[in-house]
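Next up is a structure, given as C-alpha cells.
Chain lettering (A, B, C, D and E) follows the sequence in which the chains are written, and residue indices restart at 1 in each chain.
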C-alpha cells in the first residue's frame, strides 16, 4: 500500500464568520512525529478536526485546500471512514464516555480497528498493551469513566485511541492535566508507538516535551503557519524559546520577558 | 386465594406486553437519550400492517412483514427527523417525537377509520387452565416472547459491539465518531429495532382478550411509560421488571376495586403511576437505571 | 526563584484545618487520613500524582462529596456535612479542573452568578422589578466589571463563555470564583492548557489576589514552575495519603516526592 | 371606524307566507347544526350519525325541502376536544336554527346553561344520560341509559337467567354514560333484591381479565356492560374462556358490528344481548330496510351500525319538529322547540313511539332487546320486542 | 435597563412583550415603544370588531400564553421537563370554582368574592406544586417528565371521583368574575354601541393579566433568580458551589410555574364558563410543551408566540375549512379539517425544531441582530 503519509495542503477553515485556519499546509511523512505549537486560539485543534472530519460538530467547514492520507483524499469522507483509513484522534479535553465503564470505553476504542486488528483476540492484545502503559486503567476496569480523576481520564482517552492500532495518531494536548511523571510516560508512549510504525501529529502546550519528541514541528499563529522546520532548529530559535519553551524552564521567565504590570484588586467593602 | 393468583397471573401476562413496549423506549433511549413519544404510533403502524396482511399471507409472514414495516417507519423517522436535529437538548428531541407521533397517529387512524382488525393469530380465545386458574394462551405467548426478546437484548447490549456503539453514540456523538462509530447507522438501527419491537407488542395488545386492533390500541403505550421509568429508562432488565410490576399493580388494583373504594373506583390505571412515584422517591433513577453521577 | 512576598492576611480570613480526612468510594480509598492547615492569607499548594486525591479534597472542602470521616474546619465552622451552597455562603469558592461553565451564557452573566450568595433579590422582587432589586443589581454590576478588568476579561464580557479559547474559559472560572468575594479560594489546575505567557499572567493574577485581598488560596497544579512561584506551603498527596508537607523548596528536594511525583528530569 | 358588531344585528322577521323566522332560517334555507367528532375517540359514532343525517337532509331536499326551504346541515368536527367543541358551538349557534346532533355530553352540559338562558334553541345530543333531562331545549331521543339498564336487568329476570338473591356484575365507563347506567342497575337490583358488583373502567382499559376475575370471585350470575364495544367483546370473551358462562347484556352503545368479524364474534352471538330503544338497522321493517339500502349505496365502504339509526332518528325528529313549526307558521328557534314538544306520539319507523311533551322525562321508556347475529345487516337482530318493565315504568327521574 | 443576554435559550425577553427598551438606546427605545403602543392599542380595540368565537379563541390563547410562560420558566430556563402542567391548570380552574362558587346540594362552594377566589386559586396551585417538591426537587430530565405525567392521571382521577368538589364528569359551572362592581358575565353592557358580554369584558382582564405575567417572568429571567435557574440547567454542581441552593430552587421554580398554570386555569375556566374534566388530560400537557418549543425555549416572547400559534391554528382551520385547499368538509371523506390541523400542528413542531432552532422568536431576533448586539452592552 502507498506510504501512510498525511499531506495537508493550503487548508482554510471557518466557523461561520470566524476564520480559524488560513491556507495551512502540514506534512506528516510515514513514521514521523510532527508537533504543532501555538497559543490559545491559534487553530491547533481546528487543524486536527479538519483532518478527522469532525469540524461539522462545531459548525466549522473547510473552505479550501486538500487533505490526503496514504494517497486517499480525506476531505469529503465521514469521520468513521477516516478512522477506517487508519487515522485516529485523541480529542481535546479527554471526552471519555463518562457513563460507561473504563472497560467499555476501551471496547469503544477498539471499534475503529482495521483489518488484521479486528476481532476479539486482537482487541484483547491491544487491551493488554494499554493496561501495561496505564495500570490504573486495569485496576479501574469496572469503574465508570466519569468518576476517574482528570489525569486518569486523560490516560483513558490515550489508551482508548491506542486500542484501534492507528496508522496515524492525532494527539490534542495529551499531557493536559498530567503529573510531570505521567507526562513523561505519555512521551515515552508516543515514542514507542511511533517506533512501532504509527506516525503522530502532536498538538502540545508543553513545547519542551513536544520538541523533544518531534522530528519536525509547525508553529501556528492566529490560523497561519508562522514557523516550520526540523524540531531541533525550532527548539533553538529564540522566538520559540521565548514564546513556547517558557513553560519548560520556568526558573527564569521574568528576566527575558519583563513581567506585565501586576493587576490590582481592592477588597470589597461588602 | 385463587382469585389473587388469577389476578397475579393476568397481571404478569399483561405486564409482559407492557415490558415489550417499555423495551422499545429503552432501546431508543440508550441509543439517542430521547424519550420516544412516537412509540405509540410505531406500535399502531406495526399492528396495522400485521393485521391487514394476516389473512392474505398468513399470520407469521404477516407478523414479520409488520415488524419489518414498523422498523422501516422507525428508521425513516430517525433519518428524516431525529438525525437532522443539530442541538444537544434531549428534552427538545423528546418533544419533537411528540410532533412526529401526532402526524403518524393521525394518518394511521385515518387509514384504520372505524374498523376493528382481527390479527389472525393462531391462539384465538384458547386458555390454559390449571387449578381453577386460567390464562389466555396469547398471554403465555406474550410472556415467553417478552422474556426471550429481553434476554436477547441483554446479551446484545453486553456482548456485541453494537451495544457499545449505541451507548457511545448516545453519550458523546463526536467522540463516538472519532472511534469509528457510524452515528447515522447506529441510531437508525436503534429506531428500527424499536419499531420491530413495537410491532410485536402491538400484536399482543390486539389479540385475545382484546377483540382486535383499532385506532385506540396505541393508547396502551401510555401504560408502558411508568414501566420504563420505574425499571430505569436505560435498563433492559428494568423494562421487564417495570412492565411486570405495572401489570400486576394494575390487575390487583382492578380486581380488588370493591375493597379499595375509599380510593375512588377505577383506580386501575392510576395505580401504576403511584407505584412509580413511590419508587422514584427512593431511587430517582428507577430500580435498575444507572444513577446520574456527579464528579467534577 | 522569586521568594514569596510577606503575606498580609485580611481580617476575618480564618485558617483552614483539614484533619484526618478520609473519603472512600466503593472499594477504593481516595483520601486516607489526610491532614494539613492553610494559614490565613497564604497560598497553599496541594500536589501529587494523578489520582492522588487532590480534586477529591476540593470536592469535600466545597461540599460536593461527603467525607467518610475526619473534619474540615474553616475558623470554627465545621464544613463536613454542609451542602455546597451553605459552604459557599461561608466564603469558600472554587474553580473546576474540567471547565464548569454554561457555554451559552455570556461571560458577564457567568460572573454575575458568582454574586449570587452576596445578593438577596428573590423571585418576587425580581419579578415585580422592585427598585431595590435594580439598585442591588447596579451595585454588583460595578464590582463585576472591576473583577473582569482585574482578570483581563473586560473585552469578552458580552461573548458566550463557550466560544472563548480554553485558556480564557479558565480565567472566566477564576473570575467567577472571585466574584463570590471568597475568604478561601480553591483553584484546581488553573493554568492547565495555557501557553507560557498565559500561565505567567494567571500566576500574576493569583499572586495579586493574595496580596490585594489577603485571602487564603489552595492551589492544585501540576506545573511545578507555577507552584514554586506562588506557594507559601506545599502538601503532597500520593494514593490518598500525605507523603510530604512544608515549604516549597524543602518539598521539592524531598526524595519521596521526587520518586512519587516529579520524576527525575523535572527535579534535576 | 365604527364596529361591525355595533347594534347586535339579529336577523329575523316574517316571510310572505307569514312564517316567522329568526337566526338560522332565510327565505331559501334552514340551517341545522351538527357538532360531531370525526377525528377523536368517538369518531366512529360521529361519522355514522353525521352521514345518516346528511342522507336525511338530502332526501328531504329532493322532496322539496321543508316550508319551501332547503335544509342545510352545517357540520363541525370538534375531535372530542373541549378546546374546540365549545368555541365551535359558540360559532355555530349563531348560524343555525338548532342542532340535530351535538356529540359529547360533557360539552353539552358545558354550554347547557347558555342554551337555556340565551340561545334558546333545540339541541338533540347524541347522548342518553338522564343528566340532560329537564331542559325544554336539550332533548334526548329515546330511553336514557338508566331506564335502558333497568329494562336490561328486568329482561334477565323475566327470562329466568337470574333470580332474587343472585349477584350480578356491572362494568361501566367513568363518565355520564356509565354512571347514569349505574343508577339504573342499582335501582333495578335493589327492587329485585339482587346483589350488585360494580367495576368502573376507563375507555382506555381494553383487557377485562381482572374484572372477570373479580366477578367470578363474587359469583355473579349475569353481567351488565355500560362501556364500549371493545370492552364488551373482551369481557364476553374472557368470561367464556374462563368458564364464567353467564349472560351479558349491554347498553345500546356497547356493541359494534365490526366485532363480529373478530375472534370474539362467536361468543358474542352466544352470550351477549343489547338493550336499545330503536330497531336495529338490519330490521326488515320498511324504514330501517330503506335506510340501510340507501346508506349502503351512499357510503359503500362504511359499516352500518346503530349510530346510523340513532343519527337518522334524531334527524327525522328534528325534521318533524320543523314541519310542525312550519304548520303553525313559526320557524323561530322558540317555535321549533315548541313544535317538538307538541309531538307526543311520534313514530319514526324504528319501532318506538316517542312522546316529547314532558322535557323532564325521556321520550320513551321502552327498550328492545337485541342479539348479535353475524348474518344480519348491522350485526343485530331483535331478540325481544320493545317493552317497558314494571320497574322501568316506575323509575323515578331526577332523584 | 438591559443586562447581557446570550443568544440561544438564555436570551430571555430580548423580544419580550412590553419590553421597555434600555435607556442607552433612545432611538431603539422610541421605535420599540411605538411598536408596543401600537400592539397594545390593537389588542384593546379588538373586542369592538371580533365576534364571540374569535374573542373566546383569543382568550384561550391568552390563558395558554400565561400557562406556557410558566412552563417555560420550568422547562426552558431551568431545564426541568414537565408533562404535568394540565394538572395545575385543573387545580386553578377547579380551585376557583370551589372557592368562588355558591355551595348547593351536591357541590361544595365557599362563595368567596371572586377576585379573592382567583388569588387563592393561584396560591392553591402553587401549594400543589409545593407538595410535589420531594419529586420536583430531586428528579431531572425524562424521569421528572414521566413523574409529572403521573400528576395528570391523579388529576383526572380526582376530577371524576371527587364529585362534591369537581362535579364529576359534568364539571362545574364557573362563577363569573366580578371586580369593583363590574361583573364579567353575559349581562350586556353596551359600550360605543357594541354590546359587551362576558368575552368582551374578559378579554381586557386577559390582556392585563398576560401583560403582568409576562413582565414578571421577564424580571425573574433577567434577574438573579434567572441566572441561578440557567446555572442549574447547565451545570448543577457548579451552581451549588456558587451558592445556589439547587433543590430549593428547583422546587421553587416548580411552584412558580404551577402558579402560572393555576392562573391560566382560572382564565380558561372563565372563558369556558363551565369546567370540562376531560379537557385537563395528557394531550393538553403535551400541547403546552409544544407551545414553548415552537415559540422558543426559555424566553417569554417565545412562550406567548407558541401559545398563540398552537391555540389558534386548529380554530382557524376548522373555521375556514371550507375555503382551504384539499381540506374537505367532515363526512365527505378526504382530509377532515380536524385531521388537517393535527397534521399541521405535528409538522409545525418538527419543522420549527429542525429549521428554526430557538423557535419563532428567533425570527424576530434575526430581524434585528444588530440591535441585540448593542443591547448586550451593560
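We take it that contacts are C-beta pairs under 8 Å (C-beta built on N, C-alpha and C of every residue); 3 or more make two chains touch, one makes a residue touch a chain.
Nothing here was measured: the structure is a model prediction, and the numbers come from that model.
A.B. asks: Hey, what chains does subunit C share as contacts with subunit D?
C.D. replies: The common neighbours are B, E.
A.B. asks: Based on CA centres, what chain would you say lies at the far end from subunit B?
C.D. replies: C
A.B. asks: Farthest chain from subunit E, going by the mean of C-alpha atoms per chain?
C.D. replies: Greatest centre separation from subunit E goes to chain A.
A.B. asks: Report the inter-chain centroid distance for subunit B and subunit C in whole angstrom, where each centroid is the mean of the CA atoms.
C.D. replies: Roughly 48 Å separates the two chain centres.
A.B. asks: Just curious, how far off is subunit B from subunit A if you go by their C-alpha centres, in Å?
C.D. replies: 43
A.B. asks: Calculate how many whole Å lie between the centre of subunit A and the centre of subunit D, each centre taken as the average of the chain's C-alpha atoms.
C.D. replies: The separation of the two C-alpha centroids amounts to 76 Å.
A.B. asks: Tell me, which residues of subunit E touch at least two other chains?
C.D. replies: 160, 237-238, 339, 342
A.B. asks: So which stretches of subunit D touch two or more other chains?
C.D. replies: In subunit D, the residues touching two or more other chains are 39, 47, 174.
A.B. asks: For subunit A, jot down the residues that touch at least 2 other chains.
C.D. replies: As it turns out, subunit A has residues touching two or more other chains at 147.
A.B. asks: According to the definition of touch, which chains form touching pairs?
C.D. replies: A-B, A-C, B-C, B-D, B-E, C-E, D-E
A.B. asks: Taking the touch rule as given, give the residues of subunit C at its contact with subunit E in the complex, in rising order.
C.D. replies: Against subunit E, subunit C makes touches at 62-64, 83-85, 87-89, 93-94, 96, 100-106, 108-109, 112-117, 119, 121-123, 126-129, 133-134, 137-138, 141, 145, 157-158, 160, 176, 180.
A.B. asks: Residue numbers of subunit E touching subunit C in their complex, please.
C.D. replies: Those residues of subunit E that touch subunit C are 1, 3-10, 215-217, 219-220, 222-228, 230-231, 233-235, 237-246, 252, 256, 373, 376-378.
A.B. asks: Considering the complex alone, what residue numbers of subunit D touch subunit B?
C.D. replies: 39, 41, 43-44, 47-48, 174, 197-211, 213-214, 216-218, 229-230, 233-234, 237-238, 240-243, 256, 258-259, 261-264, 267, 302-303
A.B. asks: Help me check something: in the complex, which residues belonging to subunit A touch subunit B?
C.D. replies: 52, 54, 57, 78-80, 83-84, 88-89, 91, 95, 97-100, 104, 107-113, 144, 146-147, 160, 164
A.B. asks: Hey, which residues of subunit A end up touching subunit C in the complex?
C.D. replies: Per the stated touch rule, the residues are 39-41, 92-94, 136, 143, 147-152, 154-155, 173, 176-184, 205, 207, 243-247, 250-251, 253-254, 257, 259-260, 262-268, 270.
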